[in-house]
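Consider the two complexes below, in which chain A is the common component and chain B and chain C are the respective partners.
Right after this comes the complex of A and B.
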């Protein structure tokens, strides 16, 4: 079991969170949607696993490379 | 009488050179998961094609009778070889001899490698490990004096690391810890690759940086994740064998020098139908304008199957850049990636575009741009990064190209960055997909500013906003633009490949095998 940190690739604001702690996800599943330059940009699971934490809240600003969730892969 | 004794001595000296820094140092190199410089040359070039220059140059010891008793070869190994049947120059650092440091290099060897590439117009592959011929602090004791960098007559290496960029394709492979001059030789290339586990690159390594109070391991300071995101290195791979494959593939799209044209696919190479239509392109762009889509499958779909070779994936990511073929013709492809700021050009993106267009211009590659750009990046961080100056620099790079240019507007073309989709002073081919839309400013957010008074007076401002939006939305149909001939052609996206292949054929006779007016910089 490896803990995987999911990061935002861009500076954006968190628009909708679509996964929560305990959820099982497949690689590519959408964990949350960010908003940047009026576009909805999904943050997806980099590998299959179980969500252990969501580290941000809706409406929050995130930076490039900021950790936004953790998975147990 | 033959010259057998001399031949025997020559062979004996060559055999000593092949022992590199000795069995112990070679074992340490292997234990750390890295190949030796000679294994690297073998791994890179066509089997048996390496013709080395200066193998027996190094430091010799002689016994009292004047007989050769020991030998330390120079830690620079170079020569000519063939890559996919084409002649190239290969130069590699030997880390097993003094960690690749300058005091064991013999300065003229790496310079001759550069000069050979330049004067014989051959692509150059540098395989770099260590300080890449740069000095070590100990050199001051062995020479007895401090070295003025470049000094008198010492600038030739730097001359060629600049000059060769305008003459021959230069590839750098970082295959271990790379610092100082090694880092400079790796970064001053058209395409650089490093291995993920075994390589790192920095101006100065951890012990030096520790004096600044930064305690960092090699990978934390200059590993692939740092250097590919910073744009200092273009690509990272798992194994040295993959790095060699990348070098071979990159060079396969390019002429051997600026005095030739890019090579067309050979008759035996896989063919792809230039009229192939991909149904998926019809639904590739979401109707909902807030939704993003993946650009790479679109690129893969319109170029010759399997021909797209991406460069610089981790840097300036709102533009994807790479080489590809269209009906066998090499082209430079840039395409917007809406996953990164909706495709807006950040300062990094502008730098990426500049270097990529300079590469295309230098080596006579026609450019294809799949555009979806809502503008330059905005906001405080973008202003602090001088986005506008780098933006106009990217526009200048675009406007200074002379290679044929073809643009497909997939979706957005807004603002000043929206202009930067074709060279300004000459005709290029342009098509708009059915999903294209454009404007000086995006409507979203712009309506509130432009129609403030009308909205303030309205009994129901929300309904008024929707009404204005609806009105403007109708006006911005791309068909209204086309009826005024403000855009020349709107196309079914499934025809993209056919039109791009036609462009590649039209472009070929326009290419001129001579040095560009542009002098390329790293």
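Right after this comes the complex of A and C.
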């Protein structure tokens, strides 16, 4: 079991969180939606696994490359 | 630099002018205020405290935190800033509160002149369905579609069948390309409907309308102006067919293939719509035109019976400079004069279009990463030098931070030349001279787009930019 860190590809604010700790996800499933410059940018699971932590809250600002969730792949 | 002494009636009714916006349009409005000798007031969020638009005005008022809802969309905060600064009028720019009838009404109720149409006219044109009803009453042809109150899945699916596929599903309260879905087949309708409802909810209104999808469409819009004395004129058209995700990238005036007779007909329709809602100030009547088959004999030809009304934007448009360059007029000055109660400065027959103008929107986004927004700090910035038919409307300068909170548009570059070919070439060359460090932008993509044979031959439609994209933006090595 490998711990996978999911990062934001862009500076943004967290608009909507769609997954929680314990959720089983498939590769490509949307974990949360970020908003940057009036665009919605989904953050997807890089691989199938189980969500171990969501590291941000809705409304929070995130930086590029910032870890926003972890998965157990 | 000495300011000219302002004309008494303008100053007495409007000054100081509070500019309820940010970025390039706030700078643009401040420039005309300055030229006319009218003091202006900027407003800013915490993210914009050091922004160019703050320096462009004579004074500035903080209106709240970075999030638009708490600042540029916060009516109470803006009215409070107007009270503190002693403003007599409010220019809303575009976007934000510019088409919010409640804001227009709140300004008037607070004793401020709203530099825009009456609240009732904004309401009448605010929803796409209401606007279509106005068009029907004014005898202006609109795109075939359904905009009824019955919003059940069954009814909408039946109406889509009746209109004939492909159809567009649009949010009644939508705009800026959001809340729109294209549906090619009946089998895709249910899923598209669900997605469109979800997006529509973000506008606070889940109602949807259906429209016939014109498969090769051009976006042509007519600039209108109305004064408080019953006069309405049009300032010709703009073609805004180059779009990405339903947002405009490049705009030009006149529209390629436009004839004097069709311009007169579209102008007549636009003026009729403005009159139908008791319009005042600057407005834009948007039409969709059937561009004909790509390789057919009718490609590029425009015909009056294949141009339909879509909606009216009750504000100044982003792309207003192309109209300014071909008419030689300052549209913000016209807005200010009309708001002060003056009659329109010119009669219809005195308005002439000369040469060709093209505008490109410089945005902080990465063409190589599917136009992902690209916030960051402008470590270096060199915009093309204005002059000789080249105009740059910018909202940023070197060293500024481009934050994730607002629209990615940084500046507009506009070229006016004797003919279309020269304008396209001049704009492409200007964009290639522009340099930025610290963020990614679309300058190179726009220049490449302007240089394509399709663009040069005006074989344009609203899908062209997306179709050309793979050819223009080779993926960058990571």
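What we mean here is this: the second predicted complex is superposed on the first by the 73 of 73 C-alpha atoms of A that agree within 3 Å, B and C clash if a C-alpha of one lies under 4 Å from a C-alpha of the other, contacts with A are read in each partner's own complex, and residues count from 1 in each chain.
Methods note: a contact is a pair of C-beta atoms (placed from the backbone, for glycine too) under 8 Å apart; a residue touches a chain by one contact, two chains touch by 3 or more.
Source: prediction; values computed, not measured.
In the superposed pair of complexes, A:3 makes contact with neither chain B nor chain C. In the superposed pair of complexes, A:42 makes contact with chain B only, with no contact to chain C. By the document's definition of touching, of the two partners only chain C reaches A:13; chain B does not. In the superposition on chain A, A:72 makes contact with neither chain B nor chain C. In the superposed model, A:26 lies in contact with neither chain B nor chain C.
When both complexes are overlaid on chain A, the residue A:61 reaches chain C alone and has no touch with chain B. Contacts of chain A with chain B, set against its contacts with chain C after fitting on chain A, overlap at residues 9-11, 36-39, 41.
Partner chain A is touched in their complex by these residues of chain B: 290-292, 317, 338-342, 344, 374, 377-379, 381, 442, 444-445. Against chain A, the residues of chain C that register as touching in their complex are 67, 176, 364-365, 372-376, 403-408. Contact residues on chain A toward chain B in their complex (touch as defined above): 9-11, 36-42. Residue ranges of chain A in contact with chain C, taken from their complex: 9-13, 35-39, 41, 61.
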